[in-house]
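The following blocks contain the structures, represented as structure tokens.
Next come two complexes built around subunit A: one with subunit B, the other with subunit C.
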Partner chain A sequence: MKAFSDYHPLVLLVYFLSILIVAMFVNNPVIGIFALIGGILFCAMLSKRSETAGNLGFYIPLFFMVAITNPLFSHNGVTPLFFLNGNPVTAEAFAYGIAIAVTVTGVMMWCKCYSAVMTSDKFLYLFGKAIPKLSLVLSMALRFIPMFKRQMHKVSRAQKSMGLYSSKSFIDKIKSTMRVFMAMLSWSLENSIETSASMKARGYGLKGRTNFSLFRFYPRDGILLSVCAVLLGVTVAGIITGDTAFYYYPRISELTLTPFSVTVYTAFGILSFLPFMIEVKEALKWKYCISKI
Partner chain B sequence: MEILHIENLTFTYPKTKKPAVENIDLKINSGEFTVICGQSGCGKTTLLKLLKKELAPSGEKSGKIFYGGVLQEEIPDKTSASEIGYVLQNPDSQIVTDKVWHELAFGLENLGMPTEVIRRRVGEMASYFGIQDMFRKKTDELSGGQKQLLNLASVMVMQPKILILDEPTSRLDPIAAADFISTLQKLNRELGLTVIIAEHRLEEVFPIADKAVVMDGGRIIADGAPREIGGKLSEINKEHPMFFGLPSAVRIYNALGIEDNCPLTVREGRDFLEKHFSPEAETEMPTEYVHSETVAVEMKNIWFRYEKDLPDILRGTSLKVYGGEIYCILGGNGAGKTTALNVISGLDKAYRGKIIINGKQIKDYKGNSLYRKLLALLPQEPQTVFIKDSVREDLSDMLEILEIPKAEREKKIAEISQKLGITELLDKHPYDLSGGEQQKCAIAKILMSEPKILLLDEPTKGLDAFSKLNLKTLLCGLKQEGLTIIMVTHDVEFAGETADRCALFFDGEILSADIPERFFSENNFYTTASNRMARGLWKYAVTCGQVVEKCKKSKESKGEAR
Partner chain C sequence: MKKDLLAILGIILIIAVILNGTEIQSVDEYYLTHIDDITPESKTVFITIRCDTILNNLGDLDSNLLEFVPLDGVILPKTEYVLRNGDTVFDILDRAVRYNKIQMEYQGAKQNSFGSVYIQGINFLYEFSCGPLSGWMYRVDGEFPNYGCSKYELKDGQNIEWIYTCDLGQDVGAEWMNNMGGEEK
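== the complex of A and B ==
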């Protein structure tokens, strides 16, 4: 599933930022639940089936942990349910705990999606323009690290076959690792000499270096970006006007369902289900295409 | 048209007296394929680096280099960067970025090209080189041969007029190397690119070059068409170490001293031999091989894979190596030869089967006992053996690990370094040594544990012909002392000359272990160049030396008949 992650990095960044910021700072249960469900659905599309059980095993206990912690420690609210060690456990605190749990798990879901979708090259592309040197340095680092690891593996095996690593003693092992690591430092220096020769030979250091990338801004990126902007705009308007304001303390406030607030909820709902809808649409399209063939 | 003109060039490194290159005069025409040959340390690399001003080492330089009629110092930086391409030796360390597409674009980014131009040029180059399917891959996932091809492609996108290559195939296996050379030939033929290449594996390059330049001690000692040079060599000095690197046909021609055109390729060599000699009436059988009674290493139905879900690399491999012999395992790339060696050395553990070393199962050697006075492995990159700042420190470090008292260490180091002829290298940094020197020092280090069985992984990789000859002498000397040597190699010529027995590794199994004469003469493709030339005349002649011997013998018998 990669229909959504094929969009331009800028669109993706804007999208994730808007979802995350709204989900984190808005205290409204409808918005929280939409963000959570949207996150879960998208996450499910991104991850493999085999991972689902593990994810459930992690997030469900986490959800209850967070939900229970709040009423145990916070005693605000006016509707006591029962007393624990002489302290009231209130319905408001319970509700608020669940709301926090919804927010936390929702944000975590979206962060998981973010790290799956926004790979390092997309991040580099976005921030490389602002700091051109940084993107090259990071790219070189990403090249160097696996090479270093591989060489270190080779050296330690070579040393092992000379009888260096094979002793079982822990101190001996640490000593051996240290020795290999020191040798790796001189290897890195040696290696970087040739790398810099190869860079110089290809004109590194000339004036007016440009940054090339494979990403292109297609019309569909523009469309998605404007859709996001409109939906986000409506949501933010709702937050600013206070139509979606919601309080847990001292007493849980009522959800006011005016035409405007319904519009706001719908807008945010669409926004958080957007990636899921795009993935489903793409999946159906493929299925349809294949069945036609 | 003359594209490069070197006039009386002399260069001396700081703090040395002897110039690294001396009085070089060379003219190279546009579109010429020039090969520079010579022993390691003859000044090839220095000369090539001086041709590209960005890479020119610092030191004292006199003489002039003209590029397209313009003095080197006066060429604009941008022109110099794009029009003179340079490919270095190590495929790994030349790669700058993490993605293939970025690597291809790197040079053009430096030149300040706009995105659209880069996109087109990169696309064009990737298609020309046939690397479009790895375009979005990480550079780290490529094989050595692919990496070097990528290095070439990322120089070619800058549309150079001259391409300079410094031993580009020395770290590649023969198949990848041949591929690389044929790509160069294609570039030269189809684009009229001027190519200057320094090489010590000349079998492939020598015949396709327009011009060969032979260097020795920083000077050019011969310069001309390869055929001319090949014919002329024996006049200069027959014993010159450089000659061992020439194609087999040229070496046989020179050893025989028959008046004719010098053959360069296997085909020409065969025609040459068939013209001057007639096949032997009775096939002379090679002498029977007598092995010792003891078995040094035995593998019995070994099965091995790296991970549970990966395919088997070794599938019921069995082998028997007798005490005191040199056993050579040949085979294609990625066949699992190295893995077999690692399993014998105990680095990797087989999940089925038995390995018996000196009559005892490998799993019964506890702790370090296998690596003390019994077995040692020289890995593919001898560099990985060294972990100190000088060879001497490395050797004495090894002795410290072996718990040899301080007083004896110096003596042992002196002893072994004399034996291997590395006394002068002791105080150098291991990374400053040439490939051959590095290998000798690495062997010295692993010999410190006084092994009875020596395992070598691709010992000839990156060595020039002279170092190979040295290695052969060294291995034969060790054999005389009673060591058992098992090596894994791609190098059929070296195996043919050195091994007592050769075996082919294929599909996880060891096939047809036999003496080299029989092993190679049964093979049609996987055999030495000399054998391919001479097989019609003398079936069991495998090495250059054997062919020459046969030739001389047949001449004598002819003489007697008359």
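== the complex of A and C ==
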């Protein structure tokens, strides 16, 4: 189910950029939590059920590790809990650690969604004309690691089928990994040269070259883009006026709940839940149509 | 793959904790309730902690730190403390802030390349809290020693001043900054 990814690439790019930048650079707990929950919900819609356990097993320990690291190194704050080597370990540092963990996991969730939604053909469609070289390099770099993993698996299976390194000894495993890795290095260099030569042969980046793409800017794209712009505008206004300013050190500041700041929080909340709402709407429509048939 | 990353992170964290040492004290144990009594034969030194330069540069100060700047700029008025044998400037400061329940954060001597303790913040006023050139400096008997506070061994009757600077020492009269590039300590 990928209703959101059917929107025009430009809209998707603007949307992801605005969410990521706001979530990364604003350390307000409300905004952080909205971004995290929105990211989790959208990610849950995009990924398969079978992946969920693995994801939880990675992100929950990561969350706690990031949260615990901060108070070990940052000793600012008015409420000391205990003293470690003569430096205080404070409640504020714990709170800030949790806030960092929320931001980090939230941004990781959104990046995961980004890579699922913004496929390299969309990226090339957006930037292929304007900055052909950079966009080709970027899209090659982005697909490099998954491709590397796939090819590595292939090579090691080929080695195994030849009867090499099939014993269970640890040293043997290291040897085989080394051998496969060496082969992979030269393969990846060769592959990137081949890709660029092939793109050149197709006249990529030349003047007058046309591309075929299925992306058209429908009215609904315009609606989503303007909704995003308005919501982002309200959020940025809140950040600039300082209504959403929040400090953890040395004393955790109180959340100011003026009518304007509530508006800002609501705007950002809607912005971060937008893809989830679109997915749910489409899912409901699908279900409703099936039941009618 | 992902699990390996997590395991590596966890191991780094544990190593960091072990390397840092794990001397844990409760809040009551940390703050001193009693300090050496001054007797006629004991050696003593004086210590002052001040941040008046911030009052001239309030515009640069992070707005949430305003409540921690005393109105007269004096965090610890000139006080006399007993000098134990081999005490450095840092030992006296450490005892004084523990006795007066003033917050202080420092970087241990082993954690930097100068081999000396570095005072990062006193009373929630940290380095860089008031502009990019701000931080804590100390002077003994009116002179700024150009080295770390845990390397300066004190003598009887000396006068320590911990001063907050907003301009790498220029605003508190540290002349040596003009002819040699150095690290503030």
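Basically, the second predicted complex is superposed on the first by the 216 of 293 C-alpha atoms of A that agree within 3 Å, B and C clash if a C-alpha of one lies under 4 Å from a C-alpha of the other, contacts with A are read in each partner's own complex, and residues count from 1 in each chain.
By our rule, a residue touches a chain if its C-beta (ideal position, glycine included) is under 8 Å from a C-beta of that chain, and two chains touch if they have at least 3 such contacts.
Quantities reported herein were computed from a predicted structural model and do not represent experimental measurements.
Peer 1: Regarding the shared-chain residue A:171, is it in contact with subunit B (first), subunit C (second), both, or neither?
Peer 2: Neither: A:171 stays clear of subunit B and subunit C.
Peer 1: Taking the superposition on A as described, I'd like to know which of subunit B and subunit C A:158 touches: first, second, both or neither.
Peer 2: After superposing on A, A:158 lies in contact with subunit B but is clear of subunit C.
Peer 1: Would you sort A:251 into first (subunit B), second (subunit C), both or neither based on which partner it touches?
Peer 2: A:251 sits against subunit C, while subunit B stays out of touch.
Peer 1: Pick one for A:289: touches subunit B only (first), subunit C only (second), both, or neither.
Peer 2: A:289: touches no partner chain.
Peer 1: Tell me which partner A:76 touches in the superposition: subunit B (first), subunit C (second), both or neither.
Peer 2: second
Peer 1: Is A:183 in contact with subunit B, with subunit C, with both, or with neither (first, second, both, neither)?
Peer 2: A:183 sits against subunit B, while subunit C stays out of touch.
Peer 1: Regarding the shared-chain residue A:84, is it in contact with subunit B (first), subunit C (second), both, or neither?
Peer 2: A:84: touches subunit C, not subunit B.
Peer 1: Is it subunit B or subunit C that touches the larger share of residues in subunit A?
Peer 2: Counting contacted residues of subunit A, the larger count belongs to B.
Peer 1: Give every residue of subunit C touching subunit A within the complex, in rising order.
Peer 2: 2-3, 6, 9-10, 13, 16-17, 20-27, 29-30, 62, 64-65, 67-68, 94, 103, 105-106, 108, 121, 124, 126
Peer 1: How about subunit B: which of its residues touch subunit A in the complex?
Peer 2: Result: residues 52, 54-55, 77-78, 81-82, 85-86, 88, 90, 92-99, 101-102, 105-115, 118-119, 122, 136, 138-140, 151, 154-155, 158, 342, 345-347, 367-368, 370-372, 376-377, 379, 381, 383-389, 398, 401-402, 429, 431, 445-446, 449 of subunit B touch subunit A.
Peer 1: Under the definition above, what is the set of subunit A residues touching subunit B in their complex?
Peer 2: It comes out as residues 121, 136, 139-140, 142-143, 146-147, 150-151, 154-155, 157-164, 166-168, 179-180, 182-183, 186-187, 190-192, 194-195, 197-214.
Peer 1: Give the list of subunit A residues in touch with subunit C in this complex.
Peer 2: For subunit A paired with subunit C, touching residues are 54, 57-58, 61-62, 65, 68-69, 72, 75-76, 78, 80-88, 247, 249-251, 253.
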